Amino acid sequence: MTCVPGKPVVDQAPPSGREMVIIAAGLTVVCLVAAMILGGLYFVTQPAKEHNLHVREETMIRGLLGLTPQARIQEVRRYLKREGKDTQVIYLTGKKLAQLELDGKELAALDVPGDVTAAGSAEAKDEWVKKQIKVADPEHLKYAGRFFVGIEGSQPAGYVVEGVTLGFKTWVRFFMAIDSSYTIQGVEIIEHEEDPGLGAEIVQRYFKNQFAGRSLADIEKISVIKDPLPKDWQTALEQLGDMPFRPWAEKYREMLPKNPNIYAITGSTISSTAVTVGVKAALGNFRKRMNIVEKYL
Amino acid sequence: MSEAEVTSPPTLHLSSGPHIASGRTTAQIMWMVNLSLLPALLWAWAVFGWPVLAIAASSILGCATAEYLSCLISKTESTLPDGSAVCSGLLLAYTLPPAIPVWMPFIGGLLAIVFTKAVFGGLGYNIFNVALVGRAMMMATFPVEMTTRWLTPALGNVDAVSSATVLAQIKLGGPEAVNKILATVPDGGHLWLDFFLGMRAGSVGEVSVLMIMLGAAFLLWKGIIKLYIPLSVLAGVAVMAFFSPAPTIYMLSGGIWLGAFFMATDYVTSPTTAKGQIIFGLGIGLLTGIIRNWGGYPEGICYAIMLMNILTPALNDWFRPKRLTADGVPS
Amino acid sequence: MSLLFWRKSALPTFSRGGVHPDEHKELTENLPIEDFIPTNVYLPVSQSLGPSAEPLVAKATKVKRGDVIARVPGGVSLHAPVSGIVKGVATGPHASLVYDTVITIQTKPGDDDPQFPEQPGWQALPVAQMLESIRDAGVVGLGGAAFPTYRKLALPKGAKVDTLVINGSECEPYLTCDYRLMLEESEKVVLGSWLIAKIIGVANCVIGVEDNKQPAAEKMRQTIAGLGLEKMEPPVKMTVVVTQTRYPQGSEKQLVQSLTGRLVPKGGLPLAVGVVVQNVATAIACLDAIRNAKPVMERVLTVSGRGIQSPRNLRVPIGTSVEDIVAHCGGYTNDLVKILLGGPMMGRTIADLDVSVTKGTSGLLFLTAAETSITRYQPCISCGECVDACPMGLEPNRVSQYMEVGRPLETEQFGVKECFECGCCSYSCPSHRPLVQFMQVAKAAYRRQERKTK
Amino acid sequence: MSEHRTPPPVSTMLMRGLFEENPIFRLALSLCPAVAVTTSVKNGLMLGVAVLVVQVLSSMSGSLVKHIINPKIRIPVFTLLIAIWVSAMDMILAAYFADIYQQVGLYVKLIVAFAIIISRMELFSMKHSVVPCFWDGLGMGLGFLVGLVLAGAFRELLGSGSIFGIAILPFKPLLLVVLPAGGFFTIGLIMALFNWVDVKRGHKLPSGGGGAHG
Amino acid sequence: MADAKVVSPHEILVEGALPADAASIRLVRSSDADIPLAVISVKPGAKSNSFLLTTAETLNSQDNYQLTAKGVDQPWEIAPSPLALVFSVIIGSALINNFVFTRYLGLCVFFGVSRNKDTAIGMGVTFTIVGLLSGMIAWALNTIALVPLKLEFMQIIAFIGIVACLVQATDLILKKVNPILHKKFGIYLVLITTNCIILAVPLLNATSGATMLQAFGLSLGAGLGFALALFLMSCAIEKVNMAPVPMVFKGLPVAFIIAGLFALSFLGFSGLKVA
């Protein structure tokens, strides 16, 4: 017994039958009371937790896209329905719930009530979708990804895609902001477990901001090089700030074509490549999906 | 009868036997090891230039400072003359990239001695190889410098271009990288010869297999090391080399030889019996291969030896010397 | 010293461990045995293992050479080594017991001193009578152990013995007395061996000689061939086997393994594998006892080391004091630091010169600082030299580590109980750790514990 | 058990937890978070506060209910009490301090297994009334908090070169210090420091090292 | 059912009939089923009725893929084999992310019990078994009851309850069934309740939404990792007990430094990819 001083309970005489009943009843009561207290607390904190999470995500998206305070952010959630060989993709946008074949052929589309659209919590949305789409087994309908649309007035002002990629150690989760012409506005690392001092440097501006300003065509040609980062380019990237969608400095625009590739973090080529590959794939997939989902936004 | 008057003898020493000793001392062993390390340092100086001497000096200074201070604090006689701190410092320097900033080995040596040796009570009580802990600590503290500050060797004029080590290139690039490396060898040249002699990018003291062999031969001749550990380390690595796209490079680089002959054979942190030593060596070899082939480090032997160091006390318990009793079974 | 493949010689030897210290035999190996009789002899009554003897003489008693002057009840006797007058029976120094009852005899040779001529018919005496003679002559193991020989030779019932091993290894550095005996008195050695073989009833006798004593081995071979032992009754096949020079070749268990390949079981005697081991000097003593009815009164010892002016091989009466020997050998040098009784590996240091030679004293070494090791010891670096050197396969390094933190009763797992204190471990330790001493203290701790639990 | 002992003075109760019986460095209880979350001051502070609150509330509630529970199920009930407070703390932190919670979340939940809390309930709450329990809990909790902040400050300063995320170190930080190994080294060094201070003050070192010793 | 698996970063080996032209084959990552991956070529494999698909994109053997072909009814599900999955989770939690050396859990018991090798082995064995049991029961309770009923806020209480009950039950059963074993391992059972690893495993499983296999792997790996750490530590401690450790470092400080050095050595496993 290192940790708990005092006698362990087992040393005492075993309780009699009557005592046992009382003890059991007492414990049950205590448990019930505890459950009630915690349940109550749960009902108070859960919405707050979700709200806070929502606010954090929104702040980040607004920053990435440089939205005005009046702008609205609409989440678009994607689900996969798989029953046997048959696979369907379902999008929940701000307006519609679209049930589509894999090639984009519409099977069904219904309007989304306002309270679902406005709901901050993902859970509420998922539940509503599960109610609308009939599946034999709840396991057959699965959430598969999401992106956000920033809406200024009534026009989309840009998109933020959530992506994941396999880093040096585990998954790296990132947000990527894209404007309507598929040019990257910025990349933000949300979650990673890379090594401090090495792979963890992917969160640094000088690395992640290298993606900003690249068009779809640029990105397709991009590769990771191990040359040292030029000093002036690094300075520009550092100055770009965390949330780069602002009228960019002319200097930065001038420098971009001179640096068509991504400079790897010194000593962490694997992590650098992983993020680059992730961004590449996320952008490509997003473009393909946009062709289909655009009309439901 | 008496032919000489016997006066009272000088102060006689009383002790129980044996009254003679083999003549070998700990300090002698340590200094011989230091001596045997010199060829590799000379080679490094020849191909990488003066900075390697600065690195060695800095790391030795770090170790010696820590050793001196720890003796001072614990108010014991200074253990510097026994040469073990110098040996650790020298070995630590050998595991570092030749273009690392000169002050870093000092920090590494300092930390290594404090946390591996001083805290445990000095020479003989450490669990881990001091030099390797130093390297692992530096690897964790200065990851970028430890993985990128390589020099391309050149006899005479040192080419200061930094590049990744060959093993790192292969780890990243796979078979294509091997082809690229092979393409750099001029017609009529032998890749293995370059590696054997030490014409490649690598850590200060491990580039030249030949020089390490020279030092090791000296130690073998003097009976300071035995072949059980080195041979089994090499055998273990050789097994794992089958999974590599370039077995020759695999076997001749990445510090295996330095590790097998100078690090793994460290008395304090390796098992004492032949059987234990063979298992220890094989373990190092296989772990090195596992780390190289599927792990995060292209070289791996440093961590492999450290991991087996942990097992040393257990190996000493599991593999006892054979008793000279009728059944020959240790009781 | 030991590479991966370390056996350099094809000669037989024991299977593991051992060391090869500098021999230093050149100091005395070519010096013939000289007789030296001092004016006084000082005889501690305890001369063999076991219970101590009681003095049978008092001050002013006149004694003749060979008279019994002390006796262990029912055991070996101590005889007057010289004729003369008992000057005193008092407490005095003893080589290993610190103090003992010491009988001092002033040498006064007379005309009627016994000469011990050859007894007729000695070869045909019954075994029991031979054993009695050995006992009465006070024969003990002269190799150093001083175990009463008659007890060793009186085999327990049912013991199956097939080989007699005569130990001519003399593996301790410096010592050359057995070597000289084999050279000068080879016939006595062979006849003595034959007698012992007869007593224990074996027809096979192996004499083990290390290869640094080739002339002795050659001499022994010639003598054996010359005597024609096969034709004697009973016939004994006697062979001389040259073994590797490797300490502790002369230890019973190691020698038995070298010569017969048999392993003595843990805690057992060579008897358990059908072997009896006797030293060459003991063989001579047995012969003297039976053939000449001459008790053990003198012994041959090597006086050597760089700390003595003129090293010798001496035959001295038991009881000769170190001081007299020093004087006889020209005094010591100025750099003398240690005086040893016995060899440098297992011998004991003495504090003063008033100690005298006992039956078990095979050498008297005067070591200078350059020859011996007087250093502070350092922490164990786990080099494993001691483990490699231990002829028994023990782990002195680990015992020493346990002893340093005061845990002697956890060391049995490393084999302390099997240690016979040969000193190979301490000899080979680069940190100069007193490993044998650690082993001794650990063994003492176990003995104490056993006493308590009894 | 029903008799209340006279509580020691408030200052003693407070100081005891801070030094003599510092739960991390002296009693060596609940070591896990000490290494795990102290990569920055902020994390250490947050977990420290969480432990402080749970400790105080558990001690007080333990003192309140001690008369009405059967002694045979004392430990299960105490555990349950702690679990309630921990769950509550967990939910509150998750809701309102989401960004730090992401890093220390698991350890907040594991406060339930911290031996320090139940041991204080056993040793102190059982014998004292609510108010002394508050002070004792506060002292112990503060000791924990200070320990975590101390370790956090050391590791953040040396390992990241900053305090509270503000860079202040002029040279390159020693990354090792924020790695797992560095955490162990740091705690070991601070413990040695506590021992050293004790030796200097003429105290004897605790023989058992607080239950666990090497 | 025909089999298919990822054999290299750009190749899939398919068993079964497959149209030879790449255009009629549709390969998708299961989580991105709407985005087909480009198949460059289809070649007959080494075995009869097997095909080797080459893809442009880099494939990950840890990922799930789905392969459909025109004219073939059944789709191929390409998933890492369960055994490999469990193995990788076990290696991950026992070596790469050892609970003691990288997550710092279970330290109280770790430092308390590692003084003696036999105790360490006893504790390690007991812990591994009880930890596996409790991990699986907790996973089942969480998946079957807590999550569907939205009672996640009861997780902490439920898990600690399971651990306490399980330890008590094991104690009782062992006492009845095998008193000798109980005598040997009984003392460790009490200690298990104070080991936070046993609580951390179900919590981690719950947070990550682990499948049964993953939960099994994590529970077993955590137990094995802890047992390994204990054993190694006890070896080291036995050696350190004979060392003249400076006075202020005696006891826990030096134990922490050893743990730190172990953690440093275990860095060697970081980034280990178990296929």
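By letter and in written order, the chains are A, B, C, D and E; residue numbering begins at 1 in each of them.
Assume a residue touches a chain if its C-beta (ideal position, glycine included) is under 8 Å from a C-beta of that chain, and two chains touch if they have at least 3 such contacts.
In this text, all values refer to a predicted model and were calculated from it rather than measured experimentally.
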**Fill in**
Neighbour overlap between chain A and chain E returns B, D
**Fill in**
Note, CA centroid farthest from chain E's centroid sits on chain C
**Message:** Relative to chain A, which chain's C-alpha centre is the most remote?
**Reply:** C
**Item:** Per-chain CA centroid nearest to the all-protein CA mean
**Value:** B
**Prompt:** Where the centres are mean C-alpha positions, what is the separation of chain B from chain E, in Å?
**Reply:** 34
**Request:** Calculate how many whole Å lie between the centre of chain C and the centre of chain E, each centre taken as the average of the chain's C-alpha atoms.
**Result:** 66
**Request:** Compute the distance, rounded to whole Å, between the mean C-alpha positions of chain A and chain C.
**Result:** 88
**Request:** Indicate the whole-number Å distance between the mean C-alpha point of chain B and the mean C-alpha point of chain C.
**Result:** 47
**Message:** Give the residues of chain D touching no fewer than two other chains, as numbers and ranges.
**Reply:** 29, 76, 80, 83-84, 87, 91, 115, 175, 179, 181-182, 185, 188, 211-212
**Request:** Would you give the residues of chain E that are in contact with at least 2 other chains, written as numbers and ranges?
**Result:** 108, 111-112, 153-154, 157, 194, 240-242, 245, 249, 253-254, 257-258, 260-261, 264, 267, 270-271
**Complete:** Two or more other chains are touched by the chain C residues none
**Request:** Sort out which chains touch which and give me every pair.
**Result:** A-B, A-D, A-E, B-C, B-D, B-E, C-E, D-E
**Asked** Contact residues on chain E for chain C in the complex?
**Response** 241-242
**Complete:** In the complex, the residues of chain D that touch chain E are 28-33, 35-36, 76, 79-80, 83-84, 86-87, 90-91, 105-106, 109-110, 112-113, 115, 179-185, 187-189, 191-193, 195-196, 199, 205-206, 208-214
**Request:** Please give the residue numbers of chain B that touch chain C in the complex, ascending.
**Result:** 1-6, 9-22, 24-26, 28-29, 82, 121-125, 220, 223, 226-228, 231, 267-270, 272-273, 316, 320-328, 330-331
**Asked** For chain D, which residues count as touching chain A in their complex?
**Response** 29, 69-77, 80, 83-84, 87-88, 91-92, 94-96, 98-99, 115, 118-119, 122-123, 159, 175, 178-179, 211-212
**Fill in**
Listed in rising order, chain B residues that touch chain E in their complex are 73-74, 115-116, 118-122, 125, 127-128, 133, 136-137, 139-140, 287, 290-291, 294-297, 300, 302-304, 306-307, 309-314, 317
